[in-house]
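Worksheet: the structure to be examined is printed underneath.
As written, the chains take the letters A, B, C and D, and residue 1 is the first residue of each chain.
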Amino acid sequence: MAKEYKIALAGEGGQGVQSVAGIIVEAANDNGREALYIPNFGVEQRGGVSIAFVQIADEKIGSPKFKKADIVIALSDRSVRRTAQYVDERTTFVYDSAIEGVEEDLPKNAAKVYAIPAIDVAKNELHPRVFNIIIMGAVIEATKVITLESAKQAIEKKLGYKFEQDPKLRELNFQALEKGAELVRQFNK
Amino acid sequence: MVSTAYKYTQKNCDRATFTLFTGLCKGCGLCMEKCPVKCLEWSNDLGVYGTPTIIPKDVESCTGCGMCQLVCPDCAIVIEKIKK
Amino acid sequence: MALAPNMPKAWRAETKPHKFCPGCGHGLVLKAVGECIDELGIQDRIVFGCDIGCSLLSWDFFNTDAIQTHHGRTTPVLTGVKRARPDRICIAYMGDGGGYAIGSQHLVNAASRNEKVTVILVNNCNYGMTGGQMAPTTLPGMKTETSPYGRDVEATGNPTQGPEMVSAITPEGAYVARGTTANLRQLKKMIKKALETQLNGTGFSFVEALSACPTNWRTNAKDTWNFVEKEMTQYFKVGELKVPGEKEGK
Amino acid sequence: MADKPIKGEKRFFVTGNEVVAWAALAADVDIMYGYPITPQNEIMHYWTRLAPKYGRKFLQTEDEISAGFTTCGGVFSGARAFTATAGPGNTLMQEPMSMAEMMRIPAVFVITQRGGPSTATVIYSQQEVTLTCFGGNGEGMRIVYSPGSHQDLYDYTIKAFNTAWKYRFPTFVLGDGYQAKMRESVIMYDPEERGVQMEPTEKIVGKEGMPGVDREPAHLRNTYNTEEELNVVVNELVDAFWKAAPEIVEHQEFNCEDADIVIVAHGVVTRAAQAAVKELRDQGKKVGHFRPITLRPYPIEAMKKAIAQAKEIILVESAEGQLDKLVKAELYGSKVPITPYFRPGMGITSEEIVEFINKKG
């Protein structure tokens, strides 16, 4: 847990990578850790690949920008290509197995490359709306930057008002989180 | 503080006392043109810029209407009507 | 026997004679402003702002606080004062270049926002301080240093109709008028209504004053009055365009 | 008046723009004037949400020229007032900024640098150093703080208002797009609880009493007739600035005492420089870091001491030599060679600095 983690999380505009990053850093901060989160932003307000740069450590963090990430998560074909630059021989590269036509673009130099069926699981087993929470579970399992328990608290903090109205949503979100972790755990066995 | 006592010349016309503060008059002539009875003329007294000031040419024609005072951009003229 | 000139009480006697040229209309407009300040008893609440251009020469004109700003920027400075201290009576004093050219965006937007300030704009059809260049208000065919063959409206457009524009974009409650130094009693009434509008807090107040620039016009007194009274009024209609509580188009 | 916005010490995890808004609240700021431009927009967003709850005001102007001049107007009236801008907005605002310089208007300007020249990117850079320190027609009689973290942003935004009102020079907080948009932890506090008294403001116009009777009117002049007249005024400005400078300058040093190589960097780049020093020291290299916190006036005496034993300065900045120019002008005569590491408009990481220094051997 003491390790400093650099995370690059990339997806299409609507895939919710920024909110995943936001919840993770929020939870890390609540646990008294140092976190730094910088959203990639360009001129356009919508559209384009959205990247969240996250760093979590026990001490104050240096440059907000980093060259290479410990873990890269890419959720679309464009994101796979866009994030290759953050990968080196220490990087775990995670992408969604439903993304087509990126075989050639997958980083060759990564320490590990995991293809996780998050999109399928969201669609078929849970609900498309919790896709990003599955991703969050995967990030947490791959990095251990926070515990699943504190992630749940952070989700509660952020979405609690919605859960009040529909408690089933809470269950769905927590399931998604666990599921995401499980998808990565298979590889880490 | 600068002295605010200005030099002036006066002319006692029949119907008004005409006071011209030479220390304020720049000799623009706007008053002459606006005088409804055309009673003003250039004076031998020089104003603040060394240009001629103005004076009623006689004591009879000034009606004391105050137009010259009104249109003076420098507040150089004071007309006091003489009440009879 | 009168020993003291009959200056408005709000004028600062120590700075007179003022710095404007012989026959300049600024003295007349500022006389009207001074008398209005006296009559309304607001001398201690005035923040007077002057633009760059000839209007800058008024920075020490009154016994009131005054800020000399930049060309075109008096409206925002005074807006800044008013927003922070609404109890102040703010007068932004400028020329036609400052209000209709370089500072037009400030005039338009202050008017649109209905800022509770009073803008007094002196229109003399040219840039006086910089030596008589063409202004937004230069009359068609009028010769200036930058329109030496006369203003060509095909190439440079028509004279800006300031009060008409301001009137079009201000809501009810604002005061908009065009007066002239050729009718000082009327001009004074307009300025007084403008200041009353600010005092009542009903809206933006704007008075354009038709004024003379004998130096750059190269006119004698007769031609000066003739230009103000006959030439300028062909394009610039004197009168009130918007009065709080009254229907428009008076 | 509503309660104090911050009571006690609280840890927050927010963007730099939010930090600035809170700091301005904590500093008892009365009014903000502003015009939208990325990446400073959220300062206005947070301010407009928070300010009314604490009886503070906001005006959205028609452009940055107006935002700067309305800010000057607010300050004239005795309000603690500020504005924020970036890039092309900073360029437009140089006009009111130079008026603030000439008339010694204690206005505070927060700059969140973006890439340049021109519109360039909305993201990040350190390319507004020259503009912020020396923009406008004038002599750069401005105080410029360069924060490197959210804590700096909070501390120095509050401090900027005190410096401005104490010394009566326009004061700048020169942040950047990264700091504006990133989130990290920050401790917010009520300055008074930390023993920091807010410097009282003063009505520059609109004092009590009848002008010309009870008091002299404030006739604030900005134009002068003769060169001699202007020269007197400018000399006074310059003298006052340099007299105050030793009290204003601030810097930080990291392992400079025995350093062969001193990295000079400011703002957010200090973070990479500090991390690089740690890493290089672990590798057994005698590397230190000097960070000017005030870019104007520049902490040159401290810097001269910090580099006294150095064999080389590595000048690292996200610009093509803007800090470099400042440093060279100040260090004239020094024999320590300066090696540039310029990345105009680009973020700089500690890894890059370490690699650069290691490659040099």
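To be clear about the criterion, a residue touches a chain if its C-beta (ideal position, glycine included) is under 8 Å from a C-beta of that chain, and two chains touch if they have at least 3 such contacts.
Please read all numbers here as calculations on a predicted model, not as lab measurements.
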item	value
Separation of mean Cα positions, subunit D and subunit B [Å, integer]	59
Between subunit A and subunit B, centroid-to-centroid distance (C-alpha), Å	88
Geometric centre distance via CA averages, subunit C-subunit A, whole Å	62
Between subunit A and subunit D, centroid-to-centroid distance (C-alpha), Å	35
Residues of subunit D touching at least two other chains	none
Graph class of chain-chain contacts, one of line, ring, star, complete, other	line
Every chain pair in contact, whichever chains are involved	A-D, B-C, C-D
Subunit D - residues contacting subunit C, complex	30-31, 33, 57, 59, 61-63, 65-66, 69-79, 81, 95-96, 99, 205-207, 209-213, 217-223
Of subunit D, residues touching subunit A in the complex	11, 13, 39, 121-123, 149, 178-179, 181-185, 268-269, 271-272, 274-275, 347-352
Of all residues in subunit B, those that touch subunit C in their complex	1-2, 4-6, 8, 10, 17, 19, 21, 23-24, 26-30, 32-34, 48-49, 51, 69-76, 78, 80
Subunit A - residues contacting subunit D, complex	22, 25-26, 29, 34-39, 41-43, 60-68
Partner subunit D, residues of subunit C touching it in the complex	12, 43-45, 47, 49, 52, 56, 59-60, 62-70, 73, 76-85, 88, 105-106, 108-109
